[in-house]
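Could you have a look at this structure, given as structure tokens, before my questions?
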Amino acid sequence: MLHWFNQKFLSPKTFYTTSSSLLPWFIAAFVLCFGYGLIAGLFFAPADYQQGDGFRIIYVHVPSAFAAMAIYSVMAVSAVLTLVFRIKIAAICMSCSAQIGAWFTFLALVTGSIWGKPMWGTWWIWDARLTSVLILLFLYLGFIALQSVITDQQNRDRAGAIVAIVGVINLPIIHYSVIWWNTLHQGPTISQFATPSIAPSMLYPLLAMIAAFLFFYAVILILCMQNQILLREIKSQWTKEVLCYDY
Amino acid sequence: MHSLQPNKLTIDNLAFERNNQFLFREINFALQAGDLLQVRGANGSGKSTLLRMLAGFIEPQGGTILWQDKSICQHRDAYQQQLHYLGHHNGIKHSLTVYENLQLHAALMTNKPEPNHLKTAIKQVDLTHVSHTQAIHLSAGQLRRLGLARLLLHPIPLWILDEPTTALDADGQALLGHLLKQHLTNGGMAIIATHQTLAILHNTKTIYLGEQHV
Amino acid sequence: MTINQLIDMGGYGAYIWTTYAITLLVFGINLFTSIHEKRRVKKMIQQYWAQPSKLT
Amino acid sequence: MFSSLFTIMRHEILMTMRQAFSWLTPLLFFVIVVCLFPLALGPDTDLLNKVAPAIIWVAALLAILMSIGNIFRSDAEEGYLDLLLLSPVPLTLLVLCKVFSHWMTNCLPLILISPLLGLLLHLNAHEEYALIITLLLGTPVLSLLGAIGAALIVGIRGHGLLLPILIMPLYIPVLIFGTGTMMAANANLPINGYFAIMGALILLSLASAPLLTGLALRIGVNQ
């Protein structure tokens, strides 16, 4: 049953054609959300009463941090699908997600750091959130490093899956221990997002940006997965046929 | 050594590819109690890979391996208890003595290591004079003999030996032939990768890997 | 509201515009590499099928 | 089954003891790294007492990371790993056996010498007590998690610095709770609660790590 489902819907070829037809929609959704979020966030949302216009960094910092976390959970799910059900495209999804996730994590760190300069007067502060994101970056980089040194395709998929699973088990533990460590050391207690109720005019652009980041992830994921699929299936006849219609 | 249950190993259309190139494919054979299979081929033709696949370490990309008509993918653990694998490296810990190595191997097979049993095995492969020497001081041939001694600890139907004759002297090769014959007449089966033709035994099958022999 | 005010962002202009620039840069890198990779893969496949004897 | 597990463990420990360098090197590394810090920071008693938990824990972490990377290396080179995989004994138990013997030979010496290093860094009796208990509770977790990484890289040549990248982020909770406990001890706060948390970490890693290590080993031998 599962095998049949795998053959029918999760075969690389089906995935390739389906995702190709979905791609324009994702691009359109990304452009819409990103355009609205960018303009509304930068120009129409009112300035924060504490942070002034400086808070506008939130519209890239929070979505990138959120997307980075979300992508890691996508990776973990794909890892389970790879290891237990041996679904090929899950493995491809995992390794593609890792790259994008690492980029988003990097983005969250850099934007967080730039935000820190006007708010705290320093480029880096060991607050719980930034530290967690930093560790998340290490987890991503560890995954990528391991996958890059293994030559055999199947082993690379499975070894990566194990790392992703170990990471996702540990991530909550790391996160809470970092929070606990932060309170223990009585660090700066300025929380970036302490505002209890956020005005809708500030919130909607944020939600739009989060959606935009996730759509962007989907777009890059599809492109990256298609490349991987073509490389892996280079010997199948369909790769030749599919490319005739492609852009 | 008591007789073994009648067993059956069937290989159907086995294939292995790496980096989009087939190392081998369409490997078919069937082995029954008392059969010996020689795998021959040039260096790099995939002999070791095939043997590791038959031992259940590597998954085949195509085809099936059936043990007693059951696929080993589903029953790998049960299957792997039915085989001895002797690879390029003999699985010998260099800092242990010959005797201790066999003790360890027996423990890994969940055998109760009886001293006499171990001593007999050591004697059979003619290592008694070094039985309390650390393996690091042994020669390559002696290590190989020690590897062979492991096969004698516990009667197991399928032997998979990867180039067992390397490093063995004439006596050692004769010993190997003798042990194999004994194993086969007891109803065992063996798969051997080799460059040389072994002393012909009854029921010997041969497959060639690589292009030049087809 | 002048253009200058927009760019200045209440004194935070430098930080904000750097942040958004970096974001766009990261997005651009990701897009560029995946499209570039696609071209490379496409070429590889064309070469693969252009080889005279392909039995599989 | 248990008699064979016992035999395997005994032989593992025997092997390590015969190669003195394999258990002495991490110990010496640990001692030397700890001794470097007073030289770098200056002989200020208060300062050393304040940073002592961090120094000892980071040094212990690095020493264990160094030694755990080799836990399956010689096994793979000697073909012994194949035998482990073929054995009727569940791989999870064999891994547990190996990790336990690694802990006995590589971590226990560190723990035994740590009070001495604590003296060098001016820890008082209460802090010494906290140090020993936290190391006793924390090092098994480090060994167990490290084994996963070691198994993943077992077939890879020239992996050098890959293991720290893979494993270090996972060591962070142990590091945080280990040093946190000692800071609480330094401030004369009750520390039993911290011990409980570290105990929970041990249980969690005991439940998951050997299984994942076994999986990783099955992949590793393919290479």
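Letters are used for the chains, namely A, B, C and D, taken in the order the chains are written, and counting of residues starts over at 1 for each.
We take it that contacts are C-beta pairs under 8 Å (C-beta built on N, C-alpha and C of every residue); 3 or more make two chains touch, one makes a residue touch a chain.
In this text, all values refer to a predicted model and were calculated from it rather than measured experimentally.
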Longest centre-to-centre distance from chain C, chain (CA-based): B
By mean Cα position, the chain sitting nearest the middle: D
Whole-Å separation of chain centres (CA-atom averages), chain B against chain D: 37
Gap in Å, rounded to a whole number, between the CA centres of chain C and chain B: 54
Between chain A and chain D, centroid-to-centroid distance (C-alpha), Å: 32
Distance from chain B to chain A - Cα centre to Cα centre, in angstrom: 48
Interface hub residues of chain A, defined as touching at least two other chains: 152, 154, 234-235
Sites on chain C at which at least two other chains make contact: none
Chain B, residues touching no fewer than two other chains: none
Chain D-touching residues of chain B, taken from the complex the two chains share: 55, 57-58, 77, 80-81, 83-85, 87-96, 100, 103-113, 134
In the complex, chain C residues that touch chain A: 6, 9-13, 15-16, 18-20, 22-23, 26-27, 29-31, 34-35, 37-38, 41-42, 44-46, 48-49, 56
Chain D - residues contacting chain B, complex: 1, 3-5, 7-8, 11, 14-15, 18-19, 74, 77-80, 82-89, 218, 221-222
Touching residues (chain side chain A, partner chain D) in the complex: 83, 135, 138-139, 141-142, 145-146, 149-152, 154-155, 158-159, 162-163, 165-167, 169-170, 173-174, 177-178, 180-181, 184
Of chain D, residues touching chain A in the complex: 145, 148, 152-153, 155-156, 159, 162, 165-170, 172-173, 176-177, 180, 183, 201, 204, 208, 212, 215-216, 219-220, 222-223
